[in-house]
Amino acid sequence: MAPGEDDPGFPGPDSVRPAIGEDTVSRRRFIKWVLGFSVTSIAAMVITPIVSFLVPAKQETTGAGARVLAGTTTDIPSGTGKVVAMGSSPVIVINTDSTPSGVKAYSAVCTHLGCIVGYDSTTRVIVCPCHDGHFNPANGAVISGPPPAPLKTIDVAVEKDQIFLVRG
Amino acid sequence: MAAAGRAEGTGSRVGDFFETRLRIGPLLSALVHVRIPIEARPYYLGGITLFLFGVQVVTGTLLALYYQPTPDAAYDSVKYITSVVEFGWLIRSVHHWGANLMIICVVLHLLRVFAHGAYKFPREFIWIAGAGLLLATIGFGFTGYLLPWDQRAFWATTVGTEIAGSVPVIGDGLLGLLRGGADVTAATLSRFFGMHVLVLPLGLGALLLAHLVIVHQLGLANPKRPEPRPGTFGASATAAPEKLRPFWPDYVLDEVIAWAVMLAILVILASVFPAGLEDKADPLITPQHVKPEWYFLSVYQLLKLVPRIVGIMAPIVAIGALVFLPFLDRNPAVTPRKRPIAILVALAAIAVMVGLTVWGQYS
Amino acid sequence: MNDRMPLLARARGLTRQARLGFLMAILCASGLAIAQGSAAKGAAQGAAPSPGLVAESSPGPSAPAADASPSVLPSSAPSPDESETAAPTNACAACHKAISAPQRAIAEQWEASIHGKNGVGCADCHGGDPTSDEIGVAMDPAKGFIGKPTRSQTVALCGTCHSDVNRMRQYQIPTDQLVKYQASVHGQRLINSKDVRVAICIDCHGSHDVKKASDPTAAVYPLNVPKLCASCHADAAKMKPYGIPTNQYALYAASVHGKALLATQDLRAPTCASCHGSHDAKPPKSTEVVQVCGKCHTATQALYEQSKHARLDVGPKCWTCHGNHDVAQPDESRFFHPEDVIFDCATCHNPADQTLILNADRFAKDADRRCDTCHHSASQIYAQAQGIHDALDQANQAFLGAQARIAEAAGAGMIVSDADVELSEARTNLIQARAAVHTTKLTVVAKLAAAAESKAAAARKFADARLNESTFRREAMVVVVAIIFVNVVLLYLMRRRIERGRGTEP
């Protein structure tokens, strides 16, 4: 970019107009310099975001139907439950019995005040620790307490011992 | 610009390499010649709109690479674009603001052309193509608004499509056609996405081509005096030869400067007010203040105030009048002073539209 | 004292009026339809004061014989079984509708009532023969006609059917109301003090217009219960003889419970009956209140049971800190008086031997429901209470700070879902820590409060990162805009040079 600043033919608005030939040459140089700067700087500003945008992000994709591994049936044996993260939302996975259809998953956010629910292996119900809201692990329905609505169901797929959550 | 520069054919080696193989020089030199009267004051609005359309094409294409047009995935994919993908927030925000600015610029361009009487003979078809471009732009905005599938998008589309539902006789059919069913559902999203990325770009592209080709052939209008009609005695004979301004490079350079300013505005808006995302659309929870996009607010508010039949027929008649304006307004004069009725009607229409929009916003 | 006129005498008077009405009706049957209308009107004007409304107001010194015996047992009431064999035609309504507008209203109320719809007829309560349209027969005391039952008769009368398991089984409703009523403050006064001003069945359920409790228009529908109780208990004149306060409804209506029920119409919120009982209405005792509140506040009760307070015989109960009718949303200000406390030793200690007692386990003034009402600021327990307070306060401040920061980031257009998740975990721990105050254990509270604080810190970190990102974007934007500006200036200069250059070329 230095040549432009050094350019002796760069006239201020009030400067005396140089001879025709000299002026034409310096004008051409100036125009080239300006065009070069403009094209380069604008292209850099436009192309950088576009190329970065196209590079796949390291974080897993979040499209619907994407499967998230929540754990294995060894992590979550029959009669237990665990809160896992699906993307940025907490999900409670419960292994009610050893069959694949016995693995259930619900949004772990209590419908009362938004506390994170847990699974009580003794009484075999989902319990919100804040105000003792109880949910049915079979369908997410409210059994007792203040929650106004059932927990949102998350689809689960069990393959061998692996438990996958399916994004809805 | 670079290509046009080469076409000037200074006999550079690269220029010769292409020129001998493409023979494109004459075409390019023809393209860079547009008749521009020295009195013309286009304020570069048409060119800025063209630039914004280009921005929308680029950013829209990029967004489509990540976007998933199903209700289950749309919201998450937009959230992913906004929060995870590098510069995703920028691309999305630029697309968001580009859309709004484009509608504003199209309207300002239309008002400028109206004020200068530039739609009169022989430019009737430029105007009609331009009116089509305005409608296509609004169509873009309307279909694009739903795509993030958040609460605001869902409910704005719900009430927006309801406007179509109140058209007499064909209302229900039109509503079903728009929504792809009785309600805003997955079918609506598919339709809107298809319209937004296939139908409207092709339609707008075709209209734009027509618009630009005719402008290129006829040049800009002189806002000081009407174009002489063939056979009109004396018009061309008495008038002094028109002073012109070179399209290349003067006019083009001005446009480029305006584009750079517009790019700066876009970057500022996108950084300071990035496109947000509300909660995911939930058909069971109606938010407190449901409103359509701002450019539909006037129609929406009108519908609330007057009987349905009036509320829906008034905009339809207005659009019809707008499209066929060159054939309705037979006054040959172009200076505002000589066509007071047209100017007053337009001012009244603007006042009503702005008034209704503001009223709709604050009600 | 006309309203205390013996029932049978009044019934006879009524009979005379009715007979006149009948006579005229028969005359009119010959074709003078218009005359019939006016005759019925005449009969209406001549009718005795509506028997349904008079007797309740005040107990006379000369209470009739029926009231004198504690007849809360079903014996003296007419046996409804007899009427069950009667033909389904209810002649009572046919005639009484024709007598007068109030009589007609009574008949219509009964027809619309749950009793009317399920075949419980007039004679089931009033006695007599409902199959006869001859007044002398239908309302013959020999046929068991008692006219309007007395207030103490009424309880027994309702109880006859409603305590009969076999009769009530088909309706799936309980049969313990009479027994419960007899144990209530209302019932006890009726039985022991012969006080007929107390609430009896019909005062809440209505007499002729009895509705299901699940009917939203019924006075006993949960949303309507506070108003129903208040209709007597907020009436200073009615409560004067008993010397009990009348501000409960006002206090309740302003409480969290009252607002939830009356304003939000949350049917899960407690009505008067939820704590006092309905048929068995009686204020809970100090020894009972923990169970009463714990019926809904299960988790809190469980925590309280672990506390030192629960193990003391004279320890503070729920209402010591929260009040009863005026329960408010608790917060950290509930720990201490804002200003210095003037201690009264006698509040907690027996002046004679300094042993621990709690003279008042309820404080009328909300300002007194604080830890430092009992725990002197020099005491070790006060220090512990302060520790609990500080831990909670710190966690709460951290939570609010994170929340504000997240709102700020969201306001800058950033997506903050990861911060929101951390914040909801912080909220979970904070709510748990607050509930753990009931254990009075500093370690339990401090642990949960620390967890809440660290979650809030994590949430804040996410929000900070988003805000930094937003700031970076704006700074980068300034650079980009500056470059664009330089371009604009240069292009403008270039354009000027081109124009000037052209100017030199002819």
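Going by the order they are written in, the chains are A, B and C; count residues from 1 in each one.
Convention: a contact is a pair of C-beta atoms (placed from the backbone, for glycine too) under 8 Å apart; a residue touches a chain by one contact, two chains touch by 3 or more.
On a predicted model such as this, the values are computed, not experimentally measured, just so you know.
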{"item": "Most centrally placed chain, judged by C-alpha centres", "value": "A"}
{"item": "Chain whose average C-alpha position is farthest from chain A's own", "value": "C"}
{"item": "Between chain A and chain C, centroid-to-centroid distance (C-alpha), Å", "value": "46"}
{"item": "Interchain centroid distance [CA atoms averaged], chain A/chain B, Å", "value": "32"}
{"item": "Chain B and chain C: spacing of chain centres that average the CA atoms, whole Å", "value": "60"}
{"item": "Multi-partner residues of chain C (each touching 2 or more other chains)", "value": "417, 480, 484, 487, 491, 494, 498"}
{"item": "For chain B, residues contacting two or more additional chains", "value": "79, 90, 260, 263"}
{"item": "Multi-partner residues of chain A (each touching 2 or more other chains)", "value": "35, 38, 42"}
{"item": "Chain B residues within the chain C interface of the complex", "value": "79, 82-83, 89-90, 93, 249-250, 253-254, 256-257, 260-261, 263-264, 267-268, 270-277"}
{"item": "Residues on chain A engaged by chain C in the complex (per definition of touch)", "value": "17, 20, 23-24, 27, 30-31, 34-35, 37-38, 41-42, 45, 85, 88-90, 109, 113-116, 129-132, 145-146"}
{"item": "Complex interface listing, chain C residues touching chain B", "value": "412-415, 417, 473-474, 476-477, 480-481, 484-485, 487-488, 491-492, 494-495, 498-499"}
{"item": "Contact set on chain C toward chain A in their complex", "value": "268, 297-299, 417-418, 420-421, 424-425, 427-428, 431-432, 435, 480, 483-484, 486-487, 490-491, 493-494, 497-498, 500-501, 504"}
{"item": "Interfacial residue positions of chain B with respect to chain A in the complex", "value": "1-2, 58, 62, 65, 68, 70, 72-73, 76-77, 79-80, 84-88, 90-91, 260, 263"}
